[in-house]
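Chain nomenclature is as follows: A, B, C and D, assigned in order of appearance, with residue numbering initiated at 1 for each chain independently.
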Amino acid sequence: MALVLNEDEVMMRDMAQGFFAEKAPVKALRVLRDTQDETGFDRALWADMAGMGFAGIVVPEEHGGVDMGYLAAGLVAEQMGRNLTASPFLSTAILAATALKHGTDEQKSEWLPKIASGKAVIALALDEGVKHNPRGTATTAEPSGNGFKLNGSKAMVVDGHVADVMIVAARTSGEAGDAEGISLFLVDPKSKGVATERTIMVDSRNAARIDLDDVEVSGDALIGTLDGGMAVLDAVLTAGRGIAAAELLGAGAQAFEDTVAYIKERKQFGQIIGEFQALQHRSSHLYSELEIARSAVIGALTALDEGDEKASAYCAMAKAKLGSVAKLASQEGVQMHGGVGMTDEYDIGLFMKRIRVLQELMGDAHYHMNEFAVANEF
Amino acid sequence: MSDLDTFRMEARTWLEANCPAEMRTAETSDKDACWGGRNFKFKSEAQKVWLERMVAQGWTVPTWPKEYGGAGLSRKEEIVLLQEMKRINARNPLSSFGIWMLGPALLKFGNEEQKAEHLPPIARGEIRWCQGYSEPGAGSDLASLKTKAEDMGDHYIVNGQKVWTSYADEADWIFCLVRTDNTGKKHHGISFVLFDMASEGVEARPIKLISGRSPFCETFLTDVKVLKKNLLGEEHKGWSIAKYLLTHEREMIGGGNEAARPLHELAAGSLGLEDGKLADPMLRAKIAEAEIDEWAFNLTMKRKLAEAKAGASLGADSSMLKYYGTELNKRKYELMMDATGHEGLEWESDRSNDGKMARSWLRTKGNSIEGGTSEVQLNIISKHILQLPGA
Amino acid sequence: MALVLNEDEVMMRDMAQGFFAEKAPVKALRVLRDTQDETGFDRALWADMAGMGFAGIVVPEEHGGVDMGYLAAGLVAEQMGRNLTASPFLSTAILAATALKHGTDEQKSEWLPKIASGKAVIALALDEGVKHNPRGTATTAEPSGNGFKLNGSKAMVVDGHVADVMIVAARTSGEAGDAEGISLFLVDPKSKGVATERTIMVDSRNAARIDLDDVEVSGDALIGTLDGGMAVLDAVLTAGRGIAAAELLGAGAQAFEDTVAYIKERKQFGQIIGEFQALQHRSSHLYSELEIARSAVIGALTALDEGDEKASAYCAMAKAKLGSVAKLASQEGVQMHGGVGMTDEYDIGLFMKRIRVLQELMGDAHYHMNEFAVANEF
Amino acid sequence: MSDLDTFRMEARTWLEANCPAEMRTAETSDKDACWGGRNFKFKSEAQKVWLERMVAQGWTVPTWPKEYGGAGLSRKEEIVLLQEMKRINARNPLSSFGIWMLGPALLKFGNEEQKAEHLPPIARGEIRWCQGYSEPGAGSDLASLKTKAEDMGDHYIVNGQKVWTSYADEADWIFCLVRTDNTGKKHHGISFVLFDMASEGVEARPIKLISGRSPFCETFLTDVKVLKKNLLGEEHKGWSIAKYLLTHEREMIGGGNEAARPLHELAAGSLGLEDGKLADPMLRAKIAEAEIDEWAFNLTMKRKLAEAKAGASLGADSSMLKYYGTELNKRKYELMMDATGHEGLEWESDRSNDGKMARSWLRTKGNSIEGGTSEVQLNIISKHILQLPGA
């Protein structure tokens, strides 16, 4: 496993670094928030990102993507984390693209080019309760005519209120709690019976609740096999967790660097507060945690690209580790900023908010620790 | 029947007769509190009547002398009064930094004229006070404050900037630390002055926090005239008054923030149980740990209070309580956020009561900063309790 | 609940403080260890302790005790913790005395005076697996003639190899895992079929393994009701946990004070190391934890003396908290001592060893956290 | 076939032909290691033969020049050799501080005469070395050492005391830091000298640790004569050599201590499972957390190694690895103790393999002290990586 970036990867990282710092820095998120932007991201930015190849980063070349793999995608996500950039990258370029790679030829031909070109925003409608729990899917899809009829409610659907199409997990057999019996469907949000409510979250980013009331879809809306949706979901969530971990790494590292810069400037008691050994040791501990966390992200995404059989476990472990470490970075960040860390004026609070949401998405640290134990039979 | 029992029966009778029914319900939000002051608008007639009746009894400040608007009660009688108010769920008639903070300092450090001028309006809820301590360059290191008061004979001219001034935009008067001497060590040359917020040259602007709107303001002072009769205590020696008040504040913050409902009930309600156990076994472990710590911490609050009553001085242990209590509270809110998942992350909706969970969580992050950071408390413990060298 | 010591209690504490510092300081434990003393404690010391009233501290006056209650006993245990004093106080004066207060009049008359006078050492033979688990009791007691026949193995029986009599938990009905069906028996260690092996533990204190092979006891050996031993055990373990917590408090506090004294003297880099802010903050944190822990001990033992219905929960919580805090005190102690903290010459390592064993006895922090959750139905 | 492949085949053939069967089994305890030296007693004929054959190949020190007893292999060839040895489970023929520590320093700082005198006996396992660094008053602050070497013309007279000298009671020679100049800053005036432990005035006494017997000694030096030809590098400038070796040591300690068996298997074996889950749900959570950290830490070791191979300097990150690795190892052993309960607490019995669990646990407490304490590593990170002021 190569744990050092190769030339292409270094180039991708540097390109992403320059791009987001210029086009979508933290203040861009502030503007979206303060203007109560209805889309929740900047469509022009998303078009630019597509132009850079970011939207099609895991889409095969035959479908118009650049197919650079998940480690490269992680380098992009890391820079988005550093800049708190709002975009449909996670929902569309990662989750939906990964799902649709498991679709029929027709589905691939229809949607993957639209993803790569930035022309479609696609949302994954999975979670229902307050916590991530794929096996807990209770939304039903009953046979109806040539297709299915969907009923249920989804929450925390990222980019759900602006999606051109949604991928909905629904139960075609079994009961909530079973891994088997879940199927994935492409659902047009404009279909009869779909009610979408944008939910404004603490991080000012996109999420929605979706109610499905006798929503009819045709038989060719099915992605993957009937009742076998969990296999596709596993692949989708593995990728999503790895990329979320990469974004957490970026957000955590930036929060840390902002904090170190702050304590090098701020004076109290006639001293630069960065001179206080207690803060030095806590900073050095956090530095160590972030270095360990970086290895987890690189290792997980490399395993994913290499088709390692443990990739799923590794991405989950990386998500767990980054959830904890980035949270610590934001907590130490606010505390070391002192009073100004509590003000909206400084960015550190925005990092705390985004990190909280990211660590919750697709399973928090506790969830993955538990899954780790289950997978290792203890 | 002891005197205390007699007092209890009298209080009970009076409260039953005089506390309006509407004032016997729990406050539903911070907005239900009565803060008084020139510009305060009563939320209801009952709120106004309740304040007036309590003022007439001297019970907004029960232990203050009668001449200053109090009832001259002993501490024990005050406890009885509070118990009787709690019995009928009576609301606090008047929330006031004047009562909680400035009053005790005036009683201890003020001259006769100052007490007579300022204490009765505080007791009656006529004048609302705010506190001008922190400055942009002087947070934890409060004594390095720079707001300057120039001696002009019978008055000072004050210039500078204060920050974290709670409710400065709504208060009538401010008690404020200013520098009257620059030449000595930083703890010297600080004076404690009082002035009207309506004075020319005072401007207060609210600060937006990560948790949203806040009572905190930045306060700009430009050539503000402060009469020397409004100097509390000796000139240049205001630091001892400030310290007296800080200890007061620390005790308030350390113990104040108990969530009404046990964490495990919130979590069980939100996540559900599997085989009688919280569905998230990892969270379950951390909640058990936090609740055991909370139990032991609450016992410690009681123990230190009991020791103080028995004559021991709380001293630097107030720093220990402030440190531990605020860090524990932050931990608890992190666990609440874990337990409430997606719902707890909502920021603006009726469903989430306008993001109450998320905003409360963010607000707790300030607990370990305001009133002296955790780091400052640990320094104090190192120095005054452990007596470590150079601390 | 009075959380401040009254005059009698202050006197008891001061008396115990002087007594143990003089008669059984840490070096006394070293002597017992280095001479490989076969008893594992000093019988003369135990006689002196009885003379002071410590042995009968929870024994009713009618049976020769001083009946001062568990808070007073905790004050004695705290001083033993500070001095690492070896004695049968926990096994005999606390566990056995509490158990026998639930005995028949004959049992009380026979054994309680012997406890109070220091004439009998009594061991509780409960645990069987590697972890504390009263409900897991698998040792059996089958009816046999007028009495019972015991079979099974016990481990970590404190003072088991020098006991004049043992209190053995055995199953008279139900299965391992059931709370019901356990009964307690007085067993003479010299009985046929009892094999006792002293196990030398890391703390150089007494423990034994006991094998029971068709051991016959008469019917009047039963303490409490048949199958209802768990009620007595609950009372015994509640007291034991509270007192073990008190001993942990003493050991943790002494380890902390030794460490603070050390860092006030030791120089490195031309500075007293106690001047380093990182050590100061860690010390101050530990001070805070120990103050919180002290309240837990006082609160739990007071509840026990007052017959509070939550006394059992409180003693378990105190045991959990003290297990964690004393462990932290010993870990920080060794680290802050640096190299010499690793040597046998300094006492800090002995505190680490004793604290490890104490926190394991009668349930470690994890055990009690889990029990706390179960008791609170979450 | 590449040169490396050719070398691999040659090495494989030679090892198959020359490594005795007995030397292809795992060592069962520290006592099985071959340390060499004047007084070493081989445990078996096979151990002796194996050493002699490897010495003849130059493979006890494969990358050293042939003239000093090595085989002049490249790093890549050395890796191949180690892989081939591992393939047949061959034991390390010679454990030696001379090879691991002094050798690299001699190669870098020694003059021709010194290299010729000392390197070959190290390579052949004839002379066993120990390290005289720490002193009772100079632990973390090594540079404040006081052992004094007085200049007597062609030799020094050394007086002082060393501590934590591993195997001083079994070693033949010592490499030792002494003070040759007292007048400047503490990092100056330190010299790096070599001398025979059989010299008059040298006395080594083993130290008993909390974990029991240990290889560590106190070493007393009384009027020990050290010839100037045994000064390594320049007089007064031994600190740079010491630092070079410390970085070496840090890397060894940081990564060295992996338990062979995953924690969760040990715990499952000891505690058993209930419904497929570890019977102690709290411990289960902590084990999952520690194992995830361990995975990420091991990846970090690999990553930093790969970066170093790619040309980046490890630099102060060796402090990060040492800090994190040792703290993690301590955490793991605490959890092992939790998992093994009463049994893990036994100190002297066959059942417990003479208290192996408890002794190993206690021994790990020294990991974060030896080779630079965790606090020192954090200081180094603060200063050299974060560049915090005053660090």
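Points to keep in mind about this one:
Following the convention adopted for this analysis, contacts are C-beta pairs under 8 Å (C-beta built on N, C-alpha and C of every residue); 3 or more make two chains touch, one makes a residue touch a chain.
What you are looking at is a predicted structure, and each value in this text was computed from that prediction instead of being measured.
Traced through touching neighbours, the fewest hops from subunit A to subunit D number 1.
Across the assembly, the mean Cα position most removed from that of subunit C is the one of A. We define each chain's centre as the mean of its Cα atoms; on that basis subunit C and subunit D are separated by 41 Å.
The mean-CA centres of subunit B and subunit D are about 57 angstrom from one another, to the nearest whole unit. A separation of 44 Å divides the Cα centre of subunit B from that of subunit C. Within subunit A, contacts with two or more other chains are made by residues 276-281, 366, 369-370. Contact with two or more other chains is made by residues 277, 281-282, 284-285, 288, 375, 378 of subunit D. On the subunit B side of its complex with subunit A, the touching residues are 134, 137-141, 144, 163-164, 207-211, 270-271, 279-283, 330, 334, 337-338, 340-349, 355, 358, 362, 365-366, 368-370, 373-375, 378. Those residues of subunit A lying in contact with subunit D across their complex are 1-4, 260, 263-264, 271-272, 274-275, 277, 279-281, 283-285, 287-289, 291-296, 298-299, 314, 317-318, 320-321, 366, 368-370, 372-374, 376-378. By the touch criterion given at the top, residues 127, 129-132, 155-156, 199-204, 207, 267-270, 276, 278-279, 327, 331, 334-335, 338-339, 341-345, 349-350, 352-353, 356-357, 360, 364-367, 369-370 of subunit C touch subunit D in their complex.
Residues of subunit B that touch subunit C in their complex: 262, 264-265, 267-268, 273, 276-278, 284-285, 287-289, 291-293, 295-297, 299-300, 302-303, 306-307, 310, 317, 320, 323-324, 375, 377-379, 381-382, 385-386, 388-391. Across the complex, subunit C is touched by residues 276-278, 280-281 of subunit A.
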